[in-house]
Each structure stands twice: as C-alpha cells, then as structure tokens.
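For reference, the structure I am asking about is given below.
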Amino acid sequence: MNMIILIPLFSPLCIGIIKKIKAIFQNRIGASIFQPYRDLWKLFHKDEVISRDASWIFKFAPFIIFAVTLVAGANLNGDILLIIYTLAIGTFFLALAGMDTGSAFGGFGSSREMTVSALAEGGFIFSLLTISNINLASHGQSFLPGILAFAGFFIVLLAETARFPFDNPATHLELTMIHESMILEYSGKRLALMEWASFNKFLIFCFLGANLFFNFGFAFIPIIIFAFCFAVGFIESTMAKFRFFRLPDLLIISFIFNVVAIGLMF
Amino acid sequence: MNILTLQYLLGVIFLTVVFSNIAKKKSASIIGYGVQSMVVTILIFDSYLKTGNLSLLFIVLLTFVVKVILAPLFSLRLMKQHQVVFSAPTYLNTPLTFIIIATLTAVAHSQKFYPLTTIIPAHQSLLALALSLILISFFLIVNRKGALSQIIGVLTFENSIVIFGLFAGLEQSVALQIGIIFDIFVWIIISTVFISMIYKHFGSLDVTSMIDLRD
Amino acid sequence: MINLIIIFLIGAFGSLILQRDDRLANIWSNSLAIIGALWGLIFSITNFLYRTNSTFIIGKNTLPILSLSLKIDQLSTFFIFIISLITLFSSIYALDYVKHYFKKYNIGALGFFFHLFIVGMLLVVTSSNGIFFLIAWEIMSVASYFLVIYDRNDLKNVQAGFTYLVMTHIGTVFIIIAFLIMYRFTGSFDFDAIKSGSLSIPQLMKNVIFILALIGFGTKAGIVPFHIWLPVAHPAAPSHVSALMSGVMIKTGIYMMIRIFLDLMQPVPVWWGLLILIIGSISSLLGVLFALTEHDIKKLLAYHSIENIGIILLGLGSSLTFTSLNMPGLALLSLTASLFHTLNHATFKSLLFMGAGAVIKETHTRNMEEYGGLIRYMPQTALFFLVGSMAISALPPFNGFFSEWLTYQALFQGIFTLDSTIKWIFIFATGSLAFTGGLALACFVKAFGATFLARSRSEEKHQIKEAPLSLRIGMGGLSLLTLILGIFSGKIITFAQKNVHLSSSVSAPNFFLSFLVIILAVILIARYLINKNQKEIVSGTWDCGTTLGPRMEITATGFARSIILIFKGILKPTIQHDIEYHDSENRYLPKSKLVTLKVQDIHHSYFYQPLKQIINIISFKIKRTQSGITNAYILYIFIALIVALFFIL
Amino acid sequence: MFKLLSKIFKTPKKTILVEKKISGSLSIRQVDAGSDNACEQELVALSNPIYDIERFGIHFVASPRHADLLLVTGPVTRNMEGPLKKAYEATPNPKIVVTVGDDALDGGIYKDSYAVVGGVSKVIPVNYHIPGNPPSAKIILSHLLKIMEIIKNNKEIRI
C-alpha cells in the first residue's frame, strides 16, 4: 500500500529529472528538478475557467484519471491484466474529456491517442506476460526473450506515456500534439491533477519496467528508474519525432518483439 | 386362348402403334387407336372367359363403348369442327423414327428387362412385346408436334399399359379396370376443352407455337 | 418448463386478440412477457441450485421420428436464465418504447411475434430431438424475421429482413444435412441416442458433421464469413427486439455448438478446437475493425456483437482443444470463460442497444454524424450508455473485464502448457484478443463521444427530452446488473480455477472498493482541502479566439479515419472528391467540394461476389434446358424413365 | 555524439548565482495583437541557452487556460480586438497582463492608422509595461524577473 503515497510523491521528481537532462543536452541550465512541484502547487492555487459546452465528464475526468493512476500504483505487483486495463480506464476518460469541450484540438488528440493506445495494447500485454512468467522458461535460456520483451516494453512505455518518438510533450503545435491537446481545455486544479496523473503514469511504467525486468532488489529501483529517465531524456534530445502514420509500424515491431520473446521462451 | 392367338393379337396392336407413329394423316392414327382398343376389349373378354369374373364383363362393355366408339368419334368430330390441318408433323423424319422404334423394341426384349418381363414366365415374349409397346407409344408422344396426335399417343400409351397389366395377370383386380376407364373418360373431356382453347388462341395445333408462352 | 411456454403462448395469442386497441395490446403483451421472464428466472435459478435435470416428453409416439422431448440440463438452464433475464429487461423497456409505433403499425402483431420469438428460443435451448429442434429453430427464425421487417415503411428494413431470412435458411440447410448424417449413422434424432451412438460414426463423417454444424450455427451466431446479415438485420428491428436478438438469439448458435461439439460428438480431434480458435480470433478482429468504420450507431453495435461472439468462440475453441488433449481442468476454465462472457455480453449488449434505441427515438435518425451534445438533454441515458461502453471495452469494475480476464487466463495457460504449432495458434489468438480489446476501447470512445459529448452537430436538436421512465428503468436495471456481475464475479473465477494453478488471481470486490475510496479521497483533498477559495468561472471553449461552430468538433468518421488508414489493407477505404465550379470553363473557382469517404466491404467483394458469379454462370447453363417445347420435357421424362428402369432392374 | 557529450560539461558556471535567488513558477501566454514580429524575435531569444528563462521557472504555454501572465505584443488591430478579449476572459485568475514594446503601449509608430484600435490598455486592463521598440531579450528578462520579485514579495497581486 505504500506505493499509493510513493508514486504521486516522486513522479514530479522524475519528470523534473527528464527536463533537466534534456536541458543539459541542449546546453542550457534548465529548470531545477523540483520545478514540477512548484508548477503543480501554483496550479492548485489558481481559479478555473470551464467551457460552457463541458458536461460532467469533463468535470469528473481529472479526479477519475488521477485516482486510476493511484489504484494502478496500489496493485503494481498484482495481476498484470488488472494494471493494463486500469490504465485503460484512464485513457478512456482522458479521450472522452478531450472530446467533451468540442474544440478541434481535443477531438483530434483523442482520436490519435486512442489509435496509439489501441495498437500499443497488444505489445503491452505480451511483454508483461513474458516477463511475469520468465522464470517458467523451460528451455533455460531466458536471456534473449528477456531482452526482446524489454525492447517491446520500452517502446510501449514511450507510446503510452506520450514520450518522444510518439508525441512531443513540450510542443504545442496542433499538428503533432497528442497528449497535450486533450488537456488544453483544463485550468487550475483540474489541469494540475491531469498533469500529475500523466507524471504518475510515467513513474508506474518505469516502476513496472524496473521491478519486472531487473529484479535485483528494492534498493536498486531508484537507480533503474533514473536510468529510465536518462534514457527517455536521451531519446528526446537526439531523436526526431516520427510522422503519425509511421507510429503503427513501430508499435507492430514492439508486438512482434514480444511474440518472438514468448515463442522462444516456451 | 392359346399363346399363339395372343401373340397374333398383340402383333396387330404393335402394327397399329407403329402405323400411328408414321401416319401423316391424323384421322388414320385415330382409326388405328380404334382398332387397338377393339383388340384390347377382345383380350379382356378372353380373360373374362378364362376367369368367369362377372365384373370383367361389365368392364368389357365399358371399354368397348368408351374406347372403341366414343373416343374415335369424338376426335373425328373435333377435327371436323375445327377444320384441323391434317398434317401431323413429327420432329424426326420417318427413317429415323423407324430406327428409334427398332432400338426401343430391342431394349424391351433385352436382358436388362428380364425380371420385368418374366413376371409370368409363360408370357415372357408377350410381356416383352407389351413393354416395347409402352416404350414406343411413349416415344409417339415425344415425337409428334400436333397436340391432338400427342393425345392419341397418350391414349395408346395407356392402352399398352392395360395390355401389359393383362398379360402380367393383373386383370382380376377390378380397380385397375375401373381406374383405366375413368382415366380415359377424363382424358377425352380435357382433350376437347384443351384443343378448342389452343385452336382459338393459336389458330393452329402446332406445339412449337407455344414457345412464346415461356418468355 | 411447460407452463413457462404456455405463459408466452397466452401472451402471444392474447396480444393478437387485442390488436384493435394499441395501448391495451402493448400493456398485455409486455406484462405477460415480464411475468413469463420472472417465471423463467425463478425456474432456472431453482434448477441451478438443486442441480435437477428434468425431461419432458410430450406425446412420445405421435410420430416415429418426431418426439416432442425437452431435456433440461445445466447448460440449457443457464441459457434459459439468460433468455428470461434479457426478456425481463427488454419488455420493461418496450412498455414505453413501443409507444412511438402506436399509430403507425399493428401493436398486436408486434406482441405476437415477440412472444413467438421467445417461445422459439426457449424450445431451441431445451429440445433434445433433432426434428423438434429444427421446428423450434424455424419458429425462432421466422418470428424474428417478422420482427426485423416490423418497421416496414423504410424499404431498407424489408431488404434487410430478406437478407436475414435467406442467410438464416442457408444456415438451416447445413444444420439439416448435419442432422441427417447423424440420423444416418445413429439411427435416431434424439440427442441421447446420438450421444451414445456417436462412436459408431466414422471419423470422416464426424468431420463433415463438424464442418456443416460450424457453418450452420456459425451463420446464426454471425462468425466472420457468414456475418453479412447481422449488421443489416439487427439495426432494422425495433430496439428492444434487436437487444434481444443480438443479446440472446446469436447465443443459441453458441449453445448448439457447445451441445454438439462438447456433448454429443465427444471424442473430438484436436484440429476442431484450433479451427474454432482461428475463426474466433479472425471474427473478433474483423468485427471490431468494421465496427470502427460505421457511423450508423446500431450497425456499430451489431458489428460489436460479431466481435464478442469471436471472443466467446476463443473460449469455446480453447476448451475444445483442451478436452481433445484431455486436460479437463483447463477445459473447465475456458468453458466457464466463454459461458461467463456469453452472460456478460447479453447484459451489456442489450443495455447498449436500448441506449441506442432511446437516442434514436429522440433524434429520429441512426446516423451518428447528426448526434452530439445529447448528454445535456439525456443525462441518464448517457450515463447508462457510458456504463455499457465501459463494460463492453472490458474496463475493470464492470463485468466485461472479468470474463475477458478469464479468457486471457485460458489462452495464457494454453501458451504455457502446449507446444509448437498449437502454441503459436494460441499466441495468435491472444494477440488478436489484445488488439480487439484496444480497438474496441477506441471504437466506444468514438461512439460515446460522437453521440453524447460536445455540441450537437445538427441544428434542430432543441426539443430532445430525456427518455421516458420505463426505458430508464430497463437500462438502469441492466447497468446495475453489469456492475453487480462484475463485482461478484469472484465466485465464478474461483469456480473456474478449481483444479488449475493460476499464476495470478484478481479479486473484484476489493479492487472496486479501493477504486471508490481513492476517488473520494482525491476529490476531498483536491476540491476542499487545497483550494478552498478558488472559484470556477464558465466561459466559451478556447479555440484560438475564433468563433466556434458545430462543424469544428470531431465527427465519428473523422475520429476513426486514422485507424482505418492504418488498416487500409483490410478495410480498403475509398475517397471520392466531386468539385462543383462556378462556371464550367474556369477551373480555379470551385463553388463547393464534396468529399465522400467510403469503406469497401471485403467480404462482399472477395467472398460473396465471386460466389454470385459462379452461381449465375451455372444457372445460365441450366436455363438452356428449359426450352419451352413440351415435347422436350416429355423426352426428358422418357429418358429418366429408361435410366431409372436400368438402375432398378 | 562524443563531441556533444564533451561540450555539455563545459557550460559556464557564473550564471548559477542569479537563478538561486529567484525561483517560482510562472507560465506565460504570448498574444500577438498585430505586432510587427520584432518583439516576437526577442521573446524567442528568451528560451535559447544564453538567456534561458526555464531556469527561473518561467515557461511559455499554448493556451491561455494554462497561463498566469498574458504577454501582449504589437498595437491592437481591429481584427485582433475580439480574440484578445476572448484570450483575456479565457485566462484564469489571478492573471497579469504585460505589454511588450512601444507599439503595445499606445500604438507606437502605427498609432493613427485606420487598422489600429490603439494601445492594449484600450482593450484589456494592463498591469505592467516593458518599454523598447523592441526591447532586447536581456531587458525583457530583467523585467520578468522583477515581476516575479513583486509576486514573491507581496502575494496580494489580485486582479
């Protein structure tokens, strides 16, 4: 149960670290790693402007999505399908909230988000399946499947948390933003909750990756999560964002990695 | 009546059927039909003599009245009334019809039909001939274009079945006889109505003109 | 059981008698249906608890072959339970829904066919004699045909009914042939005799029976190549009937498949289960893909029935494979998975169809492009539709997730324990299930978003009002049911895992409780602790300062367009631009441009079109024999006579 | 790749001092009310490695909903009057409006043209003005830091 407190506490830190790494790569100093905390704190103390067309879904979605990330955090070492489908509730309400205010950006953001998450689900389920049963590997060689499954999982991580090759978190260019466009309409505490939920989601994915793929022990988890942040920061500084219709190929690659991993394992 | 006369009578019927097959004039085939039914009545009368079954006598009278007198009269009157064109064209020319009749008789006599023709071993040859009669009369229906000659074909076909029944020893069953008589009676009524209608509608009895009914 | 059928028959003929007065007929037929449904529920639950198998033989020796014998074992009790459950809710729903047919059509007829339809289904699931089963099958098909063409002013419905009739009867032909073969080898039509005599059927014949039964019941269940009638017929029927049809009728196909493959033809070769597994995964994938292309809300739901039937077939196929590899524990797991999914699908699919019916009743159109912003006018229907779409896209607190979770466990066990090609088929099936889950989620975001959220996309939408009371009771009951089934699925899951060691287990109640507690905590902290003094101001949606028109928001086709382009190999989307110019010579001043996006139906162009051409060619050849000359016909008879004589003697 | 890594560890250290003193969170929404793009160039320069406003916790955001500070540049043209008002309404309280450049003050060199309504203050209430045509990035940065000072010291800037 301690995850419910740990994850929301440390997720802004991870995002701060990623931003710092990106800044260093761009040869500028960049904000301190605790900047996300300040942003959240400021947003929580601002008023809200809600559009006339918004229904109760727009108003409740932030709370549901934030709670979903906490629930997923709570049973991280529970059943993999439960985690996947709990996160799917988050995506479901995020997409609905995006469409609710009737702005062009929100609609397109949800359509792209649903496309990416629909295609990512195959790889996601298979990678977690492979890893959670890696010890059952009958043929003894569990190294190659582990690598392939991790590669597949990392691609899914980038897809689900709207990271670089899939979607640029910093950009606000209508053509490319997927995750940002859905929370364009939010302000004040609801925006804070949505941001915090996406931070949590990122940390959950890192934790899943660290916990399942490198089960060295609880002490090493922070180091591995830092490694994840570094990797994401590195990719965001050195790679270009893919065109939208090149993303399915990447996701199918991740799916095939995992299928091969399972095929090899048993 | 011994086998020989039976064969002789059957030969007469066979000739009449063959004749109606090739006869050009319609009236000729009607007369042929009359002769046939005459022979059939003689045969039934003969079987009455043999078995002494009274109902047979009644049937003999009935067949005589209907088949020998009523049917030809009816058809002749019908022909006169509608000034029917006398030629009854057939699909195949006469040599070809002859070949087909020959093959049919050969088939009837062949080994394949052995179980059918030896219901009564004694009448084997008679039954074979009767069977060939059935096939030939059936062919008569197929071959003729004119509606009236087709009807005559059906009647001869029906007669040959009766003969076959007689030789196969079925004459005792009264039901067979009455059935046949009734069937002829109905046939005649239909034919009169049928022909008058066709004639009115098509102006001729030629079957081929009925094709435009289809499309 | 017999009095259950009698109630429905009274209902049927009663509503016929009262057809003069619409209101009375409606009340009579629906109240009778409700009483019958309640009776059915009580009957099935008691039957379930006491595990009684009862058989009724009506008039044993009326005819040598036909004996009206009903045999109710656990399987048929389960299906009676589903039928009566959905009838209960759809007749409550129908009380007010049928009102908008009042002046237009004969309500008595609707009641009559509705009751006949239910009687047909009840008999199908309980009959234990081949012929009696076929009679019941026909009653069901014909009654549902009349229900499909009930709204006959719209010509498309009549055509839909015609396609439905033709396809069901093609299926029935296959079923009849299968039963005849069974009769040929076991000497009787009774299922018990067939079951005992099934060893005497040679293996080749068993495979033939399998293929025939699969095609026959597959057409009724709507598996992929034979599903053409489903997206056409279900939308045409009135909503409470299409809820019943897609919730329950297609399950009779599944029931018979279980009855024949798992019960009658028991020693089963492995490839049967694998073939069903492959068909299941293909139909689930294609079902959801075509659902994404739809912008007619009821067609979208019909395609989703195909997808869910695919998932049920996955469970069935894996249980068949496990029985043939004699692993009874896993077979029990996958069979419970597929049966649990049948029950869940019946509940949330009928909920969704009722929601769609309520929306269509208000907006008088089935085209999702003209919806939008209905959540303001119909808040409760929107909530029920949301619950339905969350259940169908397998999101946790609702029942869809737990049955899909069980199917996943069955397939995972298949992957871990089996080897080589069978394992790869299981991997292919799990992959298709995973993708179907994702795409179903996308499809229902589109369906819910395009219908209820944002602003309404067509002008005259002001007089919409909330659905009448009985509609909301029907839908509310069903959505409550999906939640309860979801939370208390723990017992079913433990029952399924009885003798199988599963690596992980999920307990629904505490997931749901923790979910509720956390949401409340978050709302409490965020809303009242941290920013007590913040106000919420209402103003227009921010669209870079431009005036915001209804055409700015995303439409259903727009939403799914990106997915369609990704799967263009399968869906073959076509774009057609026709531009209208001011004056014909000058090509530079277009007045208006119309872009039509269409998706080509591959089944039609690659399966049914060539089939049609072959049939046409053959039939033209045969046509020539009908020359119209009577002599020719007599000649045919003559030849036939000769040939027959040759053969006989 | 190696050259990139080596360059990273040679960043100048002296600017660290300033950043320590002022740190908070400020999100800016830049509204171009008909500007001649001079001020925009300077604002873009703000986020390059030299000036790097990110250090101080200031970042540019896409929608006025997320913003606390509306940075308005250029004289308000007739067409931009409505959208500017909409942007102002869309920004949640507590909000600050800052005008950059002389054009925004009173129309600057385009003062009496038929297309210009006048200064930003004619359309929406303005709290702070950064003079200069266009003010250099350094000046804008110092002014922004001053604004953050004001916010930090007397919390009660409430509109």
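Of note:
For reference, chains read A, B, C and D in written order, and residue numbers begin at 1 within each chain.
Rule of thumb we're sticking to: a contact is a pair of C-beta atoms (placed from the backbone, for glycine too) under 8 Å apart; a residue touches a chain by one contact, two chains touch by 3 or more.
Here the structure is a predicted model, which means the values were calculated and not measured.
Nearest to the global CA centroid, when each chain is reduced to the mean of its CA atoms, is chain C. Per-pair tallies of C-beta contacts place A-C first.
As a whole-number value, the distance joining the C-alpha centres of chain A and chain B reads 96 Å. Chain C and chain D have centres, each the mean of its CA atoms, that are 58 Å apart. Once the centre of each chain is set as its mean CA position, chain B and chain C turn out to be 64 Å apart. Between chain A and chain D the centroid-to-centroid distance comes to 31 Å (mean Cα coordinates, whole Å). Residue positions of chain A touching 2 or more other chains: 46-49, 184-185, 188.
Counting only residues that touch two or more partner chains, chain C has 535, 537, 539-540, 542.
For chain D, residues touching at least two other chains, in rising order: 63, 65, 89-90, 92-93.
Going by the touch rule set out above, the chain pairs that meet are A-C, A-D, B-C, C-D. Listed in rising order, the residues of chain A touching chain D in the complex are 19, 23-32, 35, 38-39, 41-42, 46-49, 172, 177, 180, 184-188, 191, 238.
Interface residues of chain C facing chain A in the complex, by the touch rule stated above, are 372-373, 375-376, 379, 382, 386, 390, 393-396, 401, 405, 408, 412, 415-416, 419, 423-424, 427, 430-431, 434-435, 437-439, 441-442, 444-446, 448-450, 452-455, 503-506, 511, 514-515, 518-519, 521-523, 526-527, 530-531, 534-543, 548, 550, 552-554, 558-563, 565-566. Residues 1, 4, 7-8, 11, 15-16, 19, 23-25, 27, 48-49, 52, 54-57, 59, 61-63, 65-66, 68, 89-94 of chain D touch chain A in their complex. Across the complex, chain C is touched by residues 91, 107, 112-116, 135, 138-139, 141-145, 150, 207-208, 210-211, 213-215 of chain B.
Across the interface of their complex, chain C is touched by residues 4, 44-57, 63-64, 66-68, 70-71, 74-75, 78-82, 85-86, 88-89, 91-92, 95-96, 99-108, 110-112, 114-115, 117-122, 124-126, 129, 132-133, 136, 184-185, 188-189, 193, 244-245, 248, 255, 259, 262-263, 266 of chain A.
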